[in-house]
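Across the two complexes that follow, chain A remains constant while its partner is chain B and subsequently chain C.
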Partner chain A sequence: MVKSEDPSIVVGDAAASKKAAKKAAKTAEKQQKKAEHKASSAQPSTESEPDFSEGLYGNMKMIQSSGEHRDRVYTDVENLSIKMDGQTVWVRARLQTSRAKGKQCFAVLRQTSSTVQLLVSVNEQRKISKQMVKFTGNITRESIVDVEASVVRTAAPVESCTIKDVELVAHQIWTVSSARSQLPLQIEDAARPEKSDEPEALKIRVNQDTRLDNRVLDLRTPANQAVFRIEAGVCRLFRDILTKKGFVEIHTPKIISAASEGGANVFTVSYFKSSAYLAQSPQLYKQMAIAADFDKVFTVGAVFRAEDSNTHRHLTEFVGLDLEMSFKQHYHEVLDTIGGTFTEMFRGLRDQFASEIATVGQQYRVEPFKFLDPPLKLEFPQAVQMLKEAGVSVGDEDDLSTPDEKLLGRLVRAKYDTDFYILDKYPLAVRPFYTMPDPGNPKYSNSYDMFMRGEEILSGAQRIHDPDLLAERARLHGVDTSKIAAYIESFRLGCPPHAGGGIGLERVVMLYLGLDNIRKTSMFPRDPKRVTP
Partner chain B sequence: MMYVMKRIVDHDDKIELPKCMYHIKNPIDLTEEDEICLKINEKVLKFIKGPNNKMTELETRQDELLNKLEILYERIKTISSQCKLDNMSANIQSSNASKVESVITPEEVVLVLSPDSLPWYLNIILKKSNLPIHTTCHVHSSVPSEKLAKIKAFTQKLKTSENPKVNLRLIFKAAADSELKLSALSTPILGNVNILRYLSLAYPTIIPYDHNDHIVDNLLDICHVLERTSEKNKEAVVNRLFAHYKTWIYGDKFSVVDLAAYNLIKQWRNTPKFVSKVWFDKCEKLCS
Partner chain C sequence: MPKMSTNNVDVIKMIGKYLDVSVGAVCYNTDKVPTAVLENKNVEGFVTIILSMVSKCGTASSEEQRLLTYQWLEYISMFSNQAVANSTFAFKFLQEINRALQSNTYLTGQFLTIADVALYYIVYPLLEHMSVAERDAFVHLCRWSKHIQAQPRVCHNRPPLPLNAVSLSVLAPAVH
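Let's turn to the complex of A and B:
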């Protein structure tokens, strides 16, 4: 729309106001021409025949649950098929695009990930008038419409829709909720594949910030619908697999009085007259639940990390899936349980969400996820040896840096052809104070990390359950024992040996699908620069 | 003059015409550059030849070190000759074997196999090797669930030992040609026959392989072809393979060719009539 601004006349600036006046004159001319054109085009419709499809189309009255049409049965777009050829159905879907030309209007209706073609053509017998066709052409994109139509087999398959073998021929069309005419982004652009094979294809893409600012629109694309359904699947599989193994779900508090992992990265909240912190991890509470005789627990909840990291894989708030388990003799009992849970989860995703994974693959082309059963377990010295062969030297008591981890991931993939592996026996010096040292070699610890596609997803260990050893390790690490007195005290009441670990839901989905940014798998992501929507 | 104007274009500048048509460099002249070069050369020579204390110190130290090395060398020579006299008789064989085995014993070996190509030759190695081998088996995500039972039946019978010197990992992957990987960076050994060639180098006493006999290599190549040939041609190829057959496929001793052929024929569901049952049973006994 051309906006005409009144030129502000500054005394003495004759040249400027002359230009502004010229501009104003031009815009006024344009507007006048537009009005004339509209008037002339509006005239034929008022002169045309009476509208015989009255009562079959229009804007529906706002649905306030007044009780009308409760007997109407709606069909889902994904269920439309050749078997329904000839039947009349009611469909509620979004109008994705419409194209009107004279006596016909082609539209595409979309419901979650399925699209179908809708045809509205002037027909006296079926009482479809020109005005109805025009109305359909004028419905704004992304409006929700109710359509009564007959399912008709198409002569040639419709390539641009997911339902290819049938189309809908409309009898009635009503707008349930219209969208505004200028949308901040087009769903077609947001859903366009990242890399297209055809040289003629349009190159318009929507940038990530625009997507996140208009998340409601962006989430409607088929790829995003699939991603979040897969995320829901991961959470459900995690719960189901662990519950079958005898785990109990618990919910731990998120407002805590002292930082658990390390003092620096906590959010502070004002808590009545003093302050409290948002939980960095449910670590302490999981262990207290084990000491409280719950044996095997898991928890799904929000985790808050105040790290000022603006990277592709960090968020300030994410969903953590944590588990803790007591064992009889060796912490490998827990390690094998966690590894087995992952393998079952990957298998469940591969079998139950194959179509969603394919939908994501259409927009973001990615290789399928490979894994071994039982999962590959390597020891830290072995990994150091593999890196040494490749020319990267890592000290005996050093942690692996991110590039080291990525290189190791590629080496493991080349040798064992797996995207998921476990690295056991990390050096003690780089682990938190509550990690149990290795009995055979004091430089190493009973701790492990798990990697997907070369990036770390889980960090876990056998925890120290002896209060004296725990206090000594805390002192060695320079942790103030007075602040964790309650934590140490809980071990003085008898605690079984236990181990566990935690994963980030968004990171696991991102790495399973092979996406490049964690904001793609978080519905409303939070990072140091984003707090809305 | 009516109007006096400033001169815009000046044509009065003097144009210098060249006096010399072609200018050539004087070939005889000793130019200044060479003189500078000479001066630097002199300085460098002075520097090198001059009395330099640090250099001489280094030289003397080097000489001393060389003398010490010579003394050490003499000592080692005497010690080794003494050792040789002690151990000569008893340990020739084991030293040979351990020499070979210590040359090719990587800590972790990965063997990628298709579930349709199970490694029956492993049994004979696991039975007879004097280095303890620890085997772990993994199933890749690409394997369909129908093949799992077959893989499980095979892996349950594999022997594995604790306190191993060598870790062997078997990865069963769908539609894969057999691969033996020793490290992530080196090229893998492809094909069962080639893997057997490598294994016979690592275990020469268990799997005899005469490198110099070209007929053996020819027979091994026939095995390789047999693995990839269609059903129709199998009989013809097998007949070629058994052309020299008496008690064993080649010669009168068990060799790598027998092992390769047995491993391949065992994958087939039914041993066909054109394969000698006597020979097959003999191999089966060795490898179970």
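Let's turn to the complex of A and C:
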């Protein structure tokens, strides 16, 4: 099809504009001639053939809830099967692609992750005219269409669609909402597998920035649909498992008066005549809820970290799944609860989301996630020993660096065959001031980290519930006790021993699936360089 | 970057220790060619010195083995100095050797030759400072190094390289 282009009007000085005006006049004349020629040549064909599909296709009037067609029953594409052979159904889906050739038009309709083939072919009996076929071929990609069609068994399975054994043969086709003709990215390109075995396969891929700039289109790919359904599943499993264990869900404030974790990485907001901060973690409020007799709490909410980290695993805003629990005698009561929650979550994902995981696996390489029940628990000195044997030395009171953690993850995987493990008894020096020291060894603490595929997902500890010890530890860490006076005060009102931890939802999903970038698991990610969409 | 470079003269001295052959004063002559004094005769050239030291030990080897050993020693003498000086060149050098060792137990095939020992001495400083992640790119080279350094008399003045994580790239390959 020949596209007509607007002549570019040059904005410049008078002399230039005169030339441009002449040029514009010339192109306009040319276009007019072209249009006339087209009209004259087009007219005979449309005039000569009457359109007997009148009233069976076209652009639907904008649905303004006028009350029409409320009796129409729609079928989901994923439910189309051989069992419905011969039935007539209404389907609302997106037109993914269409290929018109003379008397036939093949189209692919897509509804979330399911695709089915649609056939519109000229047939006087069934009142499909040439104009209707042409109309279908001209519907822009990604438009939403309503189609009335018969479900027909295919002679050979349709390889390119998820519904392989049947296709739809159209009776009526209406556009509900048209997409513009030039899309910033093609869904097929965005959904193409990263690595293809076929040497002849197209190599067009869409890079991450383009995807994130046009997130609405990018999210329509089957893999992304599956990823975010898995993410919803993680959140739901977290809630259900903890609620069953007797936890209460709370919601903590995000606008706070003092930085909770440390002064450096906090966003400031203007708050009426002064300023406030966006919460880096719900830590303080979880503990206050424990002191307020809620015993076992969890919270799901936004966490804001103003770290200028442009890595594959950091976002400035993410969803935190945090929990805090009081215990009777030993913080391992909490540690085992958290570990058990994770194990149940992994099991739930494996059993309930198998098809979604497979869909993600069609585009990205997904290694099944291995875990043990009960989860593997190592102590920090053991980890240091394992690293030493592999040739990496870690100091007695040092934290593990990211490459050390990654190597340790591989060593654990090789030795114990698990992608998830808990590392207990970290050195006290590298933990926050509110971490309870180990009673047996002052260099260590009652704190733990949990890892998935060699990357840290949870950091937790037994918290100091004694106000005097807390004030002393704060002083030793150089934290200004006046700034956290309210926090310390809450422990003067009687508080049970408690421990807890927090995980990042996006990071858990990324590591469970084995994806390479956290932006793939955040619907509208925020990082130091991106605040939109 | 390697702190201790093993230039060709040092390699000759180390091989002398390995073979228990006295090497005399080894140094570079005016043409930058290593020269040694063996049995009161001046011998010039890295490969020549090493091969004459080996012949003094009297180990039997086939014609093919001798030729392959000679070729490998020539290769080593040509590229070793550049590899030590230039890290991108070192990377390519190690990649070539890694590829050669992919389906060979030793450089020349099935038997240990002096070329293996000489190359081990050259490669030692290059591997010494690599992290586990970097060594992942040279799986075969590491496997071979671990084997060579376990042979008797090879490690006489330097501790063997810690190469315990070689099997990790197979058991738990690094992702991303």
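Everything that follows uses one rule, which is that the second predicted complex is superposed on the first by the 488 of 533 C-alpha atoms of A that agree within 3 Å, B and C clash if a C-alpha of one lies under 4 Å from a C-alpha of the other, contacts with A are read in each partner's own complex, and residues count from 1 in each chain.
In the analysis below, contacts are C-beta pairs under 8 Å (C-beta built on N, C-alpha and C of every residue); 3 or more make two chains touch, one makes a residue touch a chain.
What you see is a predicted model, and the numbers here were worked out from it, not measured in a lab.
Q: Considering only the touch criterion stated at the top, classify A:Lys370 as touching first (chain B), second (chain C), both, or neither.
A: After superposing on A, A:Lys370 lies in contact with chain B but is clear of chain C.
Q: Considering only touches as defined above, state whether A:Ile128 meets chain B (first), chain C (second), both or neither.
A: neither
Q: Just checking: does A:Arg350 make contact with chain B only, chain C only, both, or neither of them? Give me first, second, both or neither.
A: So A:Arg350 only meets chain B here.
Q: Contacts for A:Arg453 in the overlay, against chain B (first) and chain C (second): which applies, first, second, both or neither?
A: A:Arg453 sits against chain C, while chain B stays out of touch.
Q: Looking at the overlay, what does A:Lys406 touch: chain B (first), chain C (second), both, or neither?
A: Only chain C; A:Lys406 stays clear of chain B.
Q: In the overlay, answer first, second, both or neither for which of chain B and chain C A:Leu323 touches.
A: After superposition on chain A, A:Leu323 lies in contact with neither partner.
Q: Pick one for A:Glu389: touches chain B only (first), chain C only (second), both, or neither.
A: both
Q: Regarding the shared-chain residue A:Thr418, is it in contact with chain B (first), chain C (second), both, or neither?
A: first
Q: Chain A residues touched by both chain B and chain C?
A: 389-390, 411, 414
Q: Provide the residue numbers of chain A that touch chain B in the complex, in ascending order.
A: Against chain B, chain A makes touches at 346-347, 350, 369-374, 376, 382, 385-386, 389-390, 411-412, 414-418.
Q: State the interface residues of chain C toward chain A in the complex, per the touch definition above.
A: 131-133, 162-165, 167-168, 171-176
Q: Please give the residue numbers of chain B that touch chain A in the complex, ascending.
A: Spelled out, the residues of chain B in touch with chain A are 107-108, 110, 112, 136, 138-142, 169, 171, 173, 181, 183-185.
Q: What does chain A use to touch chain C in their complex?
A: Touch residues, chain A against chain C: 312, 367, 389-392, 403, 406-407, 409-411, 413-414, 453, 514, 516.
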